[in-house]
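In the two complexes below, chain A is the common chain; its partner is chain B in one and chain C in the other.
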Partner chain A sequence: MRPSVRIALAGLVLIALAVAVGPLLLGVDALEQDLPAKLAPPFWMEGALAGHPLGTDQLGRDLLARVLVGGRTSLLVGFAASTLACAVGIVVGLLSGYLGGWIDRLIMGLGDLWIAFPFLVLAIATIGVVGSSTPVLITLLTLAGWVTSARVTRTIVKQVRGEDYVAASVGAGAGHLSVLTRHLLPAVAGANLVMWTFVVGTMVLVEGGLSFLGLGVRPPAPSWGTILSDGRELLETAWWIPLWPGLALTLTVLLVNLLGDGLRDALDVRMDDHA
Partner chain B sequence: MTEPLLRVTNLSKSYGALRAVDGVTFEVDRGETLAIVGESGCGKSTLARCVARLTQPTGGSVRLDGVELAPLSRRRLRPLRSRFQLVFQDPSTSLNPRWTVGEIVREPLRLQDVRGDVPGLLSEVGLDPELAGRHPHRLSGGQRQRVGIARALALSPDLLVLDEPVTALDVSVQAQIINLLLRLQEERGLGYLFISHDLAVVSAVAHRVAVMHAGRLVETGPAEQVLGRPSHDYTRALVAAVPGA
Partner chain C sequence: MKSDRTGPRVLRAGAVWLVRLAVTVLGVLTLLFFLLRLSGDPAAVLVGPGGTLEDIERVRRELGLDLPLWTQYGAFLGDVARLDFGVSSYTGEPAISAVLVRLPLTLQVVGATLALALLVGVPLGMLAAARARRPSGRAITAGAAAAQAVPNFVLGMLLLLVFSLWLGWLPSYGSESPLHSVLPTLTLAAFTVARVVRLVRAGLLEALSQDFIRTVRAKGGSRLRVLARHALPNAFPPVLAFLVVDSAYLLSSTVIVEQLYAYDGIGKQLVDAIFQRDYPIVQATVFVVAVLVVAVSAVGDVLGALADPRVRREAAG
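The block that comes next holds the complex of A and B.
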């Protein structure tokens, strides 16, 4: 394994552990308000309060606890939605590209239509009817994200299915399933893996946007997106509020991208020679 | 009268109004090479793909050892596939770049669920069995084409459809691959349907030659006769077009 993959994996495991068990070890309630302690700066600044190393927000809630607890929702929604979106996109793209003809045109036409349809309207309507919860958020983000992956997958499949090695496989008796799983799926895996790493970050941000509009995580429960939104109006005076979820988000996306790069190189055998 | 290995009768393939293959009839016997020659776009490759049943012919009959293949579905065809295999023109696109040589040669065995000797196949086509762990991009063009031939031999076919098998190779490598094909034919008694536009290559391998023009066979006969004393105008033009001939 390359060092970059190892660093990325270790970092992501650390982040996952921190948000999973960190709040328990910390023993501070992320929802507890303490108005006299509001807008306390982080520990290295004048006026920092003991027990709030990363400072507090406008309601005096501890930011360390909020970032850790908020990470649970953000990471769950981000990883689950991007993984599901890519999985749906791969299946749809494989079928569309492999079957071709009117099925292909139908699926891609629906995809175009889907992209043109404003996601926010769908989100508002859905959440208005069924209410907001983590599974609903994951489903909505999956619906919003599958088209890109489906398009990329379809394009690669269209190209690869015409290759002679697929013909050779059919000529030796391969059925459709064998061609799809043995030749086409591995051919689209690399591109989708790289795309997945980008989508994770986007999904975490979109979840934040939805929460900001009151469509996502309900206050006072935190997510990185809600903390970012909370801090927006106070950026000039209390810049540390959006700093921590921003850093956590950046670090996560960076590590996922590092992981994606490493995995793509590991999957692409043609890179062997240059390594 | 015994049935020939391959008997193609009145084979046709149309794409809309275009008749890529138009009523083609020929036979190939065991141990015999029939070369199909013609210029680019004359329908040679479509013919090869129809015989290898990678495309469904629009009409006509393809009988292998008396068994009719043309109308069979993909599923019904599957167990018969081991009898005929295709060797492709460009070995850089006919081998999955993600697979090792061993995986590539083993694929037909896995698909047909039969046992086979991959190192033995590699040796038979003149490759070091050690190469089984390599990916195709680490091999030379000639080595890649040998892998393609080893894959085609894996199921012990009776007929090989060779679609321009040496066209993508350097001239020096061409001779080696041709010698390999001649040796394999002798040892295994294979029938070859050899598609080519290169008359020098054809004269080295073919027992009989069929000349294809605009989807039809315009002349068929023993190699010396067709290439030496062509009777059809198109064949004469083709033979005259060879540089230095």
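The block that comes next holds the complex of A and C.
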């Protein structure tokens, strides 16, 4: 493995462990308000409070606990949505590439239209109407993300289905399902792994953006985006509130991109969508 | 002879473009129509919390909300064809003009971002390719990777804190003066510029390894001349394709950036309208954005054809 892939993997595993186990070890309630302790600065500044190393927010809630618990929501939504989006994309791409003809043209035409539209605008309109919850967020993000994966899958299927070993398999009497699962699916796995990695980063970002606008996860449950949003009004006096979720988000996306770049080079996948 | 070949081709491209416009706009509006009608009662919103059931019933009849859904949908499409999206539930002005009044502020930020991508991103990408093995080239590449990873709302808060609240160089919230659009533009442009830097660098490095470039170098072309005159045209199509796709993404991102800086473009208007349940404004905004996106991709197709050396040679020959 290349060093960059190792660093990225190690970093991401650490972040995942921290948000999964961290809150249990810390034993501090991320929702507990303590008004006398409100707006405490982080540990290196004057006025910092013991027990609140990263400071507190305007309701006196501990920021370390909030960032860790908030990370659960952000990462869960990111992982679930990207996994679902890639799964849908693989199925659609396999069918489109394998069946060909007008079905293929119809699906890809729809995909072109779908991908061209500013997703956030539609998501905001939808959430404004149906309200926001974690399942709604995951559904919307899945709908937004399937096209790229479907396109890559379809392109590979078109190339592979003409290969001799596939033709031989069909000649030997293999059914459609068998060809799809035994020959085509493995052929598209590498590209989709790379794709999935990048999509995780995008999804975490979009969830953060929606929560930042107040259209994501409902308060008081924290996510990195909602903590950032909490810090907006008090930016000048309590800049440390948005600092921590901002750092967490940036670091996660940076590591995910690094991992994606490394995997792409290692698996020698060519993808025009990601430079 | 040339004209009777390009004539039909232009007509065909125009027809394809019109179909795409119609399908996109229709699809998006249909989605929106059913979403809005199925899950809320605009009449109850218009009347307000103090209204009686009779008031709501009266408004519902006035707006035609008591008719079957399909009849409403037909009437809605007729209205869209006349660009009539109704009036804003709050200000009472026609929704489409309320959106169009705010549009220039958004276009200004998006346009400035695209300009920065070309004027800053392309030269930086060339520099990064020309000095690929030196520290300065590596620094540009690393900086671009970092700028790509910072979410725009995080970068926006950072810029706001440093340049406006701490240093006081730039105004913080609002959109009264041209200076107010500096921070929103920088926030929006960071990702786009960074991506262009990486695309130009990758394209140039690939082009530089090809035979025809070595020929030009052997004939004594200077390094800069080779980069600008011979390698850049080959690196340009991916950049253009990215900028076209990115324009749609930028129109999305303005929603967040405008909200952050209280900048009065259509993005902030959309979010405000959602929170106020001002559906006519929401529909008009989505319509305008859909038209813009299709228009940008059409312009992109034309520019792409013009920029591709192979296509240009064919047209000239």
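We adopt the following convention: the second predicted complex is superposed on the first by the 185 of 275 C-alpha atoms of A that agree within 3 Å, B and C clash if a C-alpha of one lies under 4 Å from a C-alpha of the other, contacts with A are read in each partner's own complex, and residues count from 1 in each chain.
The rule is short, and it goes like this: contacts are C-beta pairs under 8 Å (C-beta built on N, C-alpha and C of every residue); 3 or more make two chains touch, one makes a residue touch a chain.
Keep in mind that what you see is a predicted model, and the values were worked out from it rather than measured.
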Residue contacts with chain A in the superposition, chain B compared against chain C = C
Message = Going by the contact rule set out at the top, does A:V121 touch chain B (first), chain C (second), both, or neither?
response = second
Request  = Give one of first, second, both or neither to describe whether A:D164 is in contact with chain B, with chain C, with both, or with none.
outcome  = first
Message = Once chain A of both complexes is superposed, is A:L205 in touch with chain B (first), chain C (second), both, or neither?
response = second
Inquiry  = In the overlaid three-chain picture, which partner chain does A:L213 touch, first (chain B) or second (chain C), both, or neither?
reply    = second
Message = After the superposition on A, what does A:N257 contact: first (chain B), second (chain C), both or neither?
response = second
Request  = Would you check which partner chain A:G173 touches, where first means chain B only, second means chain C only, and both and neither mean what they say?
outcome  = first
Key: Shared contact residues on chain A - chain B and chain C   = 272
Inquiry  = Applying the document's contact rule, which stretches of chain A touch chain B when the two form their complex?
reply    = 163-165, 167-175, 178, 182-183, 186-187, 267, 269-270, 272-273
Note = chain A contacts chain C in the complex at 113, 115-122, 124-130, 201, 205, 208-209, 212-215, 225, 228, 231-232, 235-236, 239, 242, 246, 249-250, 253-254, 257-258, 272, 275
Query = Can you name the residues of chain C that touch chain A in the complex?
reply = 20, 23-24, 27-28, 31-32, 35-36, 39-40, 145-146, 148-154, 157-158, 160-161, 165, 195, 198-199, 202, 238, 242, 245, 248-249, 251-253, 255-256, 259-260, 270-271, 274-275, 277, 282, 285-286, 289-290, 293-294, 297
Query = What residues on chain B touch chain A, complex-wise?
reply = 49, 52-54, 74-75, 77-79, 81-82, 85-86, 88-90, 93-98, 104, 107-108, 111-112, 135, 137-138, 148, 151, 154-155
